Amino acid sequence: MSAAGEPTTPTPLGVAMIGYAFMGKAHSQAWRNVAAYFDVPAVEQRVLVGRDAEQVAQAAARFGWAEAATDWHEVIARDDVHIVDICAPGSLHAEIAVAALEAGKHVLVEKPLANSLAESERMVAAARSAREHGVQSMVGFNYRRVPALAYARRLIADGRLGTIRQVRASYLQDWLADESAPMTWRLRKETAGSGALGDIASHAIDQIQFLLGDTVTDVSGRLHTFVGRRPGDGGLENVTVDDAAWATLSLSGGALASVEVSRVALGRKNSLQIEVYGSRGALTFDLERLNELQFLDGAAPDAEQGFRRIVVTEPDHPYAGAWWPPGHVIGWEHTFTHQIQDFLICIRDGTAPSPSFEEGLQVQRVLAAIEQSDAAKSVRL
Amino acid sequence: MSAAGEPTTPTPLGVAMIGYAFMGKAHSQAWRNVAAYFDVPAVEQRVLVGRDAEQVAQAAARFGWAEAATDWHEVIARDDVHIVDICAPGSLHAEIAVAALEAGKHVLVEKPLANSLAESERMVAAARSAREHGVQSMVGFNYRRVPALAYARRLIADGRLGTIRQVRASYLQDWLADESAPMTWRLRKETAGSGALGDIASHAIDQIQFLLGDTVTDVSGRLHTFVGRRPGDGGLENVTVDDAAWATLSLSGGALASVEVSRVALGRKNSLQIEVYGSRGALTFDLERLNELQFLDGAAPDAEQGFRRIVVTEPDHPYAGAWWPPGHVIGWEHTFTHQIQDFLICIRDGTAPSPSFEEGLQVQRVLAAIEQSDAAKSVRL
Amino acid sequence: MSAAGEPTTPTPLGVAMIGYAFMGKAHSQAWRNVAAYFDVPAVEQRVLVGRDAEQVAQAAARFGWAEAATDWHEVIARDDVHIVDICAPGSLHAEIAVAALEAGKHVLVEKPLANSLAESERMVAAARSAREHGVQSMVGFNYRRVPALAYARRLIADGRLGTIRQVRASYLQDWLADESAPMTWRLRKETAGSGALGDIASHAIDQIQFLLGDTVTDVSGRLHTFVGRRPGDGGLENVTVDDAAWATLSLSGGALASVEVSRVALGRKNSLQIEVYGSRGALTFDLERLNELQFLDGAAPDAEQGFRRIVVTEPDHPYAGAWWPPGHVIGWEHTFTHQIQDFLICIRDGTAPSPSFEEGLQVQRVLAAIEQSDAAKSVRL
Amino acid sequence: MSAAGEPTTPTPLGVAMIGYAFMGKAHSQAWRNVAAYFDVPAVEQRVLVGRDAEQVAQAAARFGWAEAATDWHEVIARDDVHIVDICAPGSLHAEIAVAALEAGKHVLVEKPLANSLAESERMVAAARSAREHGVQSMVGFNYRRVPALAYARRLIADGRLGTIRQVRASYLQDWLADESAPMTWRLRKETAGSGALGDIASHAIDQIQFLLGDTVTDVSGRLHTFVGRRPGDGGLENVTVDDAAWATLSLSGGALASVEVSRVALGRKNSLQIEVYGSRGALTFDLERLNELQFLDGAAPDAEQGFRRIVVTEPDHPYAGAWWPPGHVIGWEHTFTHQIQDFLICIRDGTAPSPSFEEGLQVQRVLAAIEQSDAAKSVRL
């Protein structure tokens, strides 16, 4: 605390990150680069934590972390660690996050918040308590920080689309299209919780709520597994999670959204597509072309209406001014850079980051309701 | 009957058409032009039938019909009429079609087959009896005759997509996006049967079954009306049909299909979009670019895979050889020209055209099941 | 002449067409259908003229012509023929057109106007004389009648693009990409005049002048033949026309345009692409998607600018209201239908159609200057 | 030298960079991140050099340089500096590069190589001498390191396009479209050398030669300035460089290429577009969608041909395996990261990097020939 009773941000803020696989690589990138583009409190990549001492040491060297460690309990107790960034598997989120928050560390946790509603609720409780003491927390729905989607939200909030009626969101990948792709922990319910639903429908659902500034109130859905058995170490094993999921969602403001996700949609690599139709405008987006937003302004005369391709790299676009001149596109990784920036600004200013753990829990509740709904019988012809 | 007992096709075949609005204009175009491009039995546009004597006479003159008439009963009794093309409102389909078939006339009827399952079943019965006597019948799902979609069906039938898993079909329009658009008979359940569901989801569902050569076995769906009241002659009236509909469909071969249709999707004029994902290939289509098909061949090496834009105007493409050199695109109207061609060839050859009335009835059953499913409760959060 | 001394249009106008190959098929379509969509003076397809009596009779039957004939001299002398539509090879244009005009017949001639400047000038002289007597003439640059391009011209004329600076036009085809494609009369200078230059650059150049309402004042260009020898009846023969051509054109209003055309651009079937950049707006077009125009309005705030895809099927778009509801696209063939409509309206009203023979001659002069420029040496490194 | 007489790479390699504006920011990014993704010799960002002591110190802190300095002469003399990266204005390239090479430092210089042919030739001479002593040099045509373009080169080299005939390259920007944009040093011939020609046509020309593995032999071109006067400090000043340039280029292997560049093409932000047409295949690319390559395989049956959109993020694609899973796109900045990687590998292996100073000089010669050609008269109508 400063003399005036205001919290002061330690300088530099020490960061510990837990996990160094795909998400660890992406988050490291963000920590390493954020200060070159944005005016944020000084940070230091202090320590990277993982189970395998040798591998975590190598990863730390490669990704720019000063130290490596294997025991996260020790690390979150260190005085020179002020922020804990959790990229560990979902089953560990709750334990680490609660402990870190109780130790007074700001926490960023990858999505989904946790593998169960019960764990998620514990995390929300810990986040609420910590927040009262100026300790911040955030869940990593990084696609909120795609400039095109942040700009889309602004257009919607400014009323440029009028009343939102219909939203179409799909997230299609194909890394399970090949039926000889092997069994992994991601395809077992006990370790992964669910399949495409938790992994990518979570992104789609968070994004719908983010764009509309609204909340899902009821759902109806369906899950399906196309490839029921895959080769494991000892022969074919049963896949116990979904390959694809479908849902329709009602939002409290009156909009209806459809969600379709798949990991067997051959030819779609990482295609989160979103369409929003309102009474006065519409927009569409595809993550494979993440620097672009298609916007239709219904206020134009009929003869002049059309979806316009906005290259979201202008100084006035969210985040874009920090980068390169217009038309010089940025990559997927910088959704994380923007996320870190926003997180650091909140820490500096003592404000609550969004998406909060509460928002992460709300997404989990929608996912659970879809699974519950799937049990309902469809109508046979 | 010829001496040999084979039916001979009268030359020329006399055609009567009932109805002269949007579909009448489109069908007239097909009758007027089919013989300039395809080798079909000779036909004559004998008589156009409508209620208003003056208007039907004008339409007949404009659209190339030799005569106009107001009483369809008389027309279907004429010896010089061999084909009856029904473009009248859906509520009249059953009565006219059954009478014409019983009079020994070949019948083409616009989709949907009828407004009720009971009527549809009566029409199927009449079509079956007539077929035994060499009298043919067909329902006008004209999008089966888009060259790109006929070619897509061929690729699927040839196994180029492997096992079909996931199909995404949407049909989006926006002519009801404006909430001041007035009340019409199309927005009342008693006259229209349903809204976007019967009008455009019927196309999407027929197309899914056509492309896959498969049949829907169960459905789960949802209907919604975004603009509940619209200005009528005497003030605001209640809209009693859906503006939009959503469904997931199981097919007997194991595929799952999603369908989403809307008449309030601002910026989408006539956008029937279809995506098909199989184990070895994928394809996408948009009716607003109906000369194009996007095809991904999963047999190519990973580094070379991608959706390729095929301009479906090559001599080897279905129907395309009859038209212009490659790259010279055709319009929406010629789905009807192709339909007439196929219908005439079936009449000449004494074979049963497809889609048959049975196929039309099957689509009606899917629509009915979606409405039934909508009554089921969704899960509230 | 009417009592008031005004010419009256004979009813119906009798049409004779000379030639029945590709263009004859396309023009026949237009004559057969124009009155079903547009309010034009009544016309009758009286007689089709060709050299081979049997073939022309078959074509006449197929394409809707009442009679067939082999001697165009006799046909243009007939009292019941009021319009002569010339689809014969370019080397015959001048002789037929001049004779027809002198016989008091309105003349529509396919592009290019003629194979030589001398012939073109004779035709212009005949057209001028005839025009004084109310006899009209027109050259068939049909792409002026693409709704999207007619709308583009309107946007430019209305100042929506500001001062036009840069135009990029390309017309790419690939029917000569295969080097085993055989020798034809189209590949010999003595019969074809030139290659891609006269065949397709003529379209691009007319379109540039049409869109801008401006005139080319100087040019600099280059021609090239990639496949110099092709298989003929008696072995390999020399190709004596260009496969591709490039030019830059100055326009009197200050704009600069580039033109690139090719018949060996593999994968491009019939791709006339046009981009126009002005001080306040821009637009792009591709003939393979002829129902679409991309428009960028530079008056919008930077963050909202982007090329918008306008589907040019709205009632307010040129020609579009005559066809189908919005989003129901038309085909390449109706550029001819629109051309005939405009021609008939001019005949009825006694006004001069555009593009006139003078405009056709101006395009020929630009082509000749490009050939002349090609003789100039480029700079060797 | 090692005991065996082989050069050993110092560890870590110390880097000095001169210049810290746009290119300095982009190069810093590459130095800061390269080792996190690629296996390269260890490097250290030792010192950043600029004229303004305060600003260079701030830039050094922000971009990750250990020190800042204002005198490049001193810096290139330092023993702990092994690499000099020159991002200073083009007029300084020759002096710094020659001095650094003579001091035994490896040199990377931004494009264009220099502002004059004489300077470029001096640099080439210095590079040749240095190369004999294992001192490497490279010019920064970073677009050679776009994965899609490196992959395009591979497809061409593998013969997948057959004989290349026609290349179309354009580089369109719009930052000078507004005629009230102010006068700068970039718009004066004495400081900038040329306008769009040297700035962006240089990229297009290098890319053509890179993709085809071929050399331009003769050129014919045109330059134009659309906005001749712009507001300067003391009123309107004359713009003395080109706003746009056009050229056709012959390549020694028989291909012809067109180049069009502009800084007034409203709506185009950073659009380098390239099309390559060969006898057996074709491809297209747009820098605004730099993760995509469109490829047409002419070996497929006609009915299956089409440009396929390859998302160039597969492990087998050049550079792509180092980044993220397929479909997770990278940004413009990593063309520099790849460039640094290739440069470091060459330093480590003692091989000559490409593009060499000789290749940079060749591009300068093409640009000079275009300017010379522009003096030739076009043909007036």
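Structural remarks
We just call them A, B, C and D in the order they show up, numbering each chain from 1.
Here is the rule we go by: a residue touches a chain if its C-beta (ideal position, glycine included) is under 8 Å from a C-beta of that chain, and two chains touch if they have at least 3 such contacts.
Everything numeric in this text was worked out from a predicted model, so none of it was measured.
Looking at which of B-D and C-D shares more C-beta pairs in contact, the answer is the pair C-D.
Greatest Cα centroid separation from subunit D: this falls to B.
Our note on geometry: subunit B versus subunit C, Cα centroid distance of 36 Å, whole angstroms. Here the CA centre of subunit B is 55 Å from the CA centre of subunit D. For this pair, subunit C with subunit D, the centres built from the Cα atoms lie 42 Å apart.
Residue numbers of subunit B whose C-beta contacts span two or more other chains: 268, 296, 305-307, 311.
Across the complex, subunit D meets subunit A through its residues 22, 25-26, 28-29, 32-33, 35-36, 62-64, 173, 175, 268-271, 287-291, 311, 313, 324-334. Residues 165-166, 168, 170, 177, 179, 216-220, 222, 224, 226, 244, 246, 248, 250, 254, 256, 258, 260, 262, 264-268, 275, 277-282, 296, 298, 305-307, 365-366, 369-370, 372-373, 376, 378-381 of subunit C touch subunit D in their complex. Taken in their complex, subunit D has these residues touching subunit B: 151, 294-297, 301-311, 314-317.
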